[in-house]
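Each of the two complexes below includes chain A, the first together with chain B, the second together with chain C.
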Partner chain A sequence: MTKNTDQPAAVKNTAVSIAGWPVQQVFRLLEYPFSKIQRGVGVQGMPWIFLLPNLIFFGIFVIIPLFINFAFSFTGGTELFLSNRVYTGTEQYRFLLDCKTFGDPITCREDRFWKGLYNTFIFVFFQVSFLVLFSLITALILNREIRGRGFFRAVFFFPVLLSPVVVALIWKWILLRDGILNAFLVSIGMDKILFFVSPEWAMFWAVFVSIWAHMGFYTLILLAGLQAIQPDLYEAAEMDGTSKERVFWRITLPLLWPNLLVVVVLALIKGVQVFDEVFVLTGGGPGTATQFIVQYIYNTGFTEQVQNFGLASAASIVLGVILFVLTMLQLAVTRARDNG
Partner chain B sequence: MLNFKRLLATTSVLATLGATSALAETELRMMWYNDGSESEVMQSIIDRFEAKNPDISVVIDVVPYKSIMESLPIQLAAGAGPDLARVTDLGGLSKYYMDLTPHISDSAYWEASFGPFLDWLAPDSDRISGFMTQLTVTGPYVNKTFFEQAGVAMPGDGATWDEWAAAANDVADKLDIPIPMAWDRSGHRVSGPAIAMGAKMFNADGEPALVDDGLKEMAQRLYDWHQDGTMTKELWGSVSGSSYLGANEDFANGQVVMYMSGSWQIGQFSGTIGDAFDWWAVPAPCGAAACTGMPGGAALVAMKDTKHPEEVGKLMDFLAQEENLAEFYGKNLFIPGHLKLATGGVDFATDDARAKHALSTFAGAVPKISPTAFDLQGYPNNRIMFNALISRLNEAIVGELTLEQAYVRMEEDVAKQLAAKAVD
Partner chain C sequence: MADPGVETKNLVSIILARRGRKKWHWTDIFSYTYLALGIFLMFGPVLWLGMSSFKTRAGLLEFPPTFFPLGQIELQVEGYEKPLLLFDVKMDDGSTRQLAQIRRIGIVSQMVDPKNPGEKFKIPIDQRTKVREFRMAWENYRDPLERFNFLLFLKNSVVVTVVATLVTLLINSMAAYGLSIYEFRGRNAIMLFVIGTLMIPITVIMVPVYLVVTNLGMVNSLWAVILPGAATPTGVFLLRQYMLTIPKELIEAARMDNASEWTIFSKVVLPLAMPAIAVLAIFSVMWRWNEFLWPLIVLNRTEVYTLQVGLNAFQGELDVQWHYILAMTVVTLIPVALVFAFLQKFITTGIASSGMK
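Let's turn to the complex of A and B:
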């Protein structure tokens, strides 16, 4: 009897040691250089050594370009290399911020920058609000014991796997004059709607498609948060006869708050950075109705005959400052809430 | 043992020779975009060049037109561009072109064959930088079958834009066609009719002056046509900025009565429309000042950052030869950008009567093109004017600006970009 139970364990141990052998060899190879490094930098310095590859990558592709971009924003002309560009001081910022009335883009010297900014705020307001709301509702539903739960989780997550260009093209084909949706409308006796000619419809679909494409990701974050809440709390509330609404407001929502904050911050940052989906879907039109700030930067820097890298850089710095302020505000609100 | 040594020695010599010949081979990269399938015709000509010059290989990198307009300038500014490229911003990129004169065998031939177009490529010098792969003329196509079915007479030579718009509306009403008239969303396309209305485009000092009464005449018409349904807002209104959109697919699908585009569509229409209906190129409609379209085209140019100027010169010399260009223009149904071939030296490879008629219509329009249109095409910063025109006019059409506000913004946009360029 003893023999029977020990035999599979022995086989398992052998399999583990065979599978682990290459790993052991790699670690043995690394041991010598790493022990040398540790002697040099000390145990406290080792985390930095492990972070180094990532820091180098981050530095080359994020930090250095950030500084170069900042420097570009103080230059003018069309030269590509910073050393060849003419220093113009704060001219680009003064040009961007030259407005008679900030509430009316038409009165601004660079009206398209301000239109882009206003459109971005409108988009972010609706997109983030509904994205968080729908993600929360979906996560709450998928957290329950429903039939086909795994299937539905996959269904909601699937659009996240698609490229933004593919997402936009799929919806464009649906929404075109001769697209599927208009064919359906005609089949039920309605008139065709030219969705991309109306500013309101174009903005609606830009928000809708963006929510459709990204909701699965945020649902997943919230679902993970919901599953981390201890079931004992719900059981205790049930035993006390607490209503479902009260359970949601008093247990679920407060304990989900850290995840919600992550979702809001991420959605906000991604919302302000929106470009590819909407660019392919509406092209920024009609007129400038769905032209957002990143598209303005792209147009200014790349699509005009005079590629105004300085102005585009200044606009991107302004965008960066706005994002930074928004994030700080959110963190401040959260801290105040936690402390209060 | 001796045999083995011999084998080893022979192998070494062969390997060394092989390596040497591989090292000697020069690879030239040509960035290219297609309107139809002209890269295939170009490839067949290049194959012959490579057969004669085994030490030079040429790779055609076919890219979307958008890459030519947006990525190529960045690559060139970074000094990492191709050796040659097919471009349409002829003067705008001229600072990156090389002077082929020292590397071609007979510069007199180039001057005689491409004379006026060489100025488009080098507005401020006598450089020879390339040749036109096609000369284009803007102008309208109509669906002649629709006119016949509707029993509406097509306006003749000398008809005005207003007469054509009325006729297109008449046909659309009778046959329930969704779009009476469509224009490519392009400032270049609008400029010809604007010049026909009297737009001067430049002031007395030769400086750009986009907005005048002539331009306003045409802009007002385009605005009105979009409001009264002659043109659909779906094409111009559905994107922003200076993005190009064509109505070629709508026209080919029988959704449009009259389509303002240009000669480069001939090959495509010949293939896609075929016998489905009679598509017919008509002479440029008239305004108060002229009956003109805009000239334009694409050119193959050599880039000054190439590491192989000799080889590039050799290749360009070969491609620019009359028989090779005759083949290229003929197979692609392009209006020749070679002066001798333009006077009837091309045998177009088509039996399609519509294509032949369109070719003769557009070729016949060249002498009628207004000098202002030629000046505008030759102006290196013309895209600044085209982009300002189309983007601001579009904002007026969708109701974001009044036409008067749009005119002010057009002038500001042009001034802003010229000022940005002047900083260098």
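Let's turn to the complex of A and C:
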């Protein structure tokens, strides 16, 4: 952020004043109450006053819910308010985790949960590997001396800003039975494919569309990593007449490696929570072929006839544990990168 | 990286050997092919959305589809109340005439010569082709805004985005100020706590946050969408890192002048932190405009739908009205496209330096 100096000044100033104006009006209004407060608590107390609103928000909407989540998962019934709920101990977890063999979702008592977990695993495996692969290729190409680099960077980046609903609708329109892709297939003499009827195709497009939408973000991080590599290393390699392939394997990749790891873990954390695009694109179908863990929680807690908040909470805690492990991995990987 | 093989490499070097002094490498060819493919794959779908959104309902049903929005020409023919569709017809004698269709009965269509309304024909339908012209179906855009709740959804989305961004900027910058300007006991603990909340995304605490929101009586009001995500750890972190670079002497000098802490915050620190605040503002606008899962949970009545939830509800209907959906998708996309066009550099430097999205 501090290195924003390459910004065209005019654009920057306009943006800043547009974003800043309404804020400043609010601040003027708050002048009086805050000077009153300062007279009361003194300068030493002021940091807490400044922190208070944010901490209250965190408390109400993150910390308290976190504890309630555990409480929910140990209770049963359909009541939303905790005082009306029945304590059931670890019943929800036992129900959720009751499987004959863990490799096969059908042998589990709550097979939808396991199907969701299993689908998420398949999705994450393919999505993350190809996402990172294509982001890496794109970043490497954008890092070269090509004409119109800024333009191409924008080309790959803009889907990141699109809403998941928009992304899904754009692709759904292409993939429909009478969509343009099927028109293309027919024109080259093939049969139409019903992409949302076949489980394999639905999963393929779920992975594809989510890569399409998020690739730009990871490309940008990798590009920043590539640009941080000392140019004199490349110059030295060129002097020695080292081949481009060798330069890639011996200089670029090893120096980019820490960034690559960070990207992989970030993509894992996002991938495990996949919901929006796929939900709009396939609705989790056909059947439960593209239903993921977040959709399982959403369905169980909010859309089923009998809203099972306890089960949804227990499932979200399982998700939370997975995310916690991944976040710890992220911290370790980021620390390793930043310490060189 | 994919290797197109040694043969290609040799072939390419033979073809391009004489081009300038710098030798072409297979990676050059690969790069430009990749980029060309990239443009097609990234822009194509959006272009197709834009083109399709201007087609009429009938035009969208056509298979194979045309690239440009074409509408069949309709004519007012003397003696007929409604406008009639115009066709090119291959007559039995081999000539081609332009006729208007009165009605279709099975595989035969009754037609009339628009220049001579007395003259009628019975034509098998496979002998006619539609006469079409380039026509943008603006009604796709007009109708949903007039007839459906779309304007309401749009308004809800704008309200959520603006109010939520203001709240976020206010409380996040206050928290960042508290954490960067003062030295006090517990500062590091608070900072850890703030970063720690990053680990708890909404997907993990959906059910209990829904309970909290219900308890506060906010279900089916826009506040239920605005408030839960207002305190963002990324925002606090981003602003704090920026405020730490502000020289302490400035604040000391202001205190010497008897400025209140709030004055120092709003008149000294905030203006200096504007670049970081602008970045957070842009991010917050994008987050809020695009937010889907949480609004989907707490907004169950049509009056409070945001654009994203409304669009999803439209596309989930049994009789999907794609001509409206496509147009409204374009409308939903426009603000983001504008933000991107004008503030691209802000966004990309913001992401590259903070790793947040």
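The criterion applied here is as follows: the second predicted complex is superposed on the first by the 265 of 340 C-alpha atoms of A that agree within 3 Å, B and C clash if a C-alpha of one lies under 4 Å from a C-alpha of the other, contacts with A are read in each partner's own complex, and residues count from 1 in each chain.
Methods note: contacts are C-beta pairs under 8 Å (C-beta built on N, C-alpha and C of every residue); 3 or more make two chains touch, one makes a residue touch a chain.
Quick caveat, the model's predicted, so the values are computed rather than measured.
In the superposed model, A:L80 lies in contact with both chain B and chain C.
Judged by the touch definition given at the top, the superposed model places A:P254 against neither chain B nor chain C. In the superposed pair of complexes, A:G89 makes contact with neither chain B nor chain C. In the superposition on chain A, A:G287 makes contact with chain B only, not with chain C. Applying the stated contact rule after C-alpha superposition, one finds that A:F302 touches each of chain B and chain C. Once chain A of one complex is fitted onto chain A of the other, the partner contacts of A:P159 are limited to chain C, with no touch recorded for chain B. The partner of chain A that touches more of its residues, comparing chain B with chain C, is C. In the superposition on chain A, chain A positions 80-81, 283, 302 are in contact with chain B in one complex as well as with chain C in the other. By the touch criterion stated above, chain C contacts chain A in their complex at residues 1, 25, 27, 30-32, 34-35, 38-39, 41-43, 45-46, 48-49, 52, 61, 63-65, 162, 166, 169-172, 174-175, 177-179, 181-182, 184, 187, 190, 193-194, 197-201, 203-212, 214-215, 227-231, 236, 238, 241-242, 245, 255, 260-263, 265-266, 270, 274-279, 281-282, 286, 289-290, 292-293, 296-297, 308, 311-312, 315-316, 322, 325-326, 329, 332-333, 336-337, 339-340, 342-355, 357.
Across the interface of their complex, chain A is touched by residues 69-70, 73-74, 77-78, 89, 92, 233-234, 237-243, 381, 383-384, 387, 394-395, 397-401, 405, 409, 412, 417-418, 420-421, 423-424 of chain B. The touching residues of chain A, counted against chain C in their complex, run 1-4, 6-8, 11-12, 15-16, 19-20, 22-24, 26-28, 30-31, 34-35, 38, 43-44, 46-51, 53-55, 57-58, 60-69, 72, 80-82, 137-138, 140-141, 144, 146, 152-166, 169-174, 178-180, 183, 186-187, 212, 217, 220-221, 223-224, 244, 248, 262, 266, 273, 275-276, 280, 283, 294, 297-298, 301-302, 309, 312-313, 316-317, 319-320, 323-324, 327. By the touch rule above, chain A contacts chain B in their complex via residues 76-81, 86, 88, 106, 109, 111, 177, 194, 196-197, 199, 282-291, 295, 299, 302-308, 310-311.
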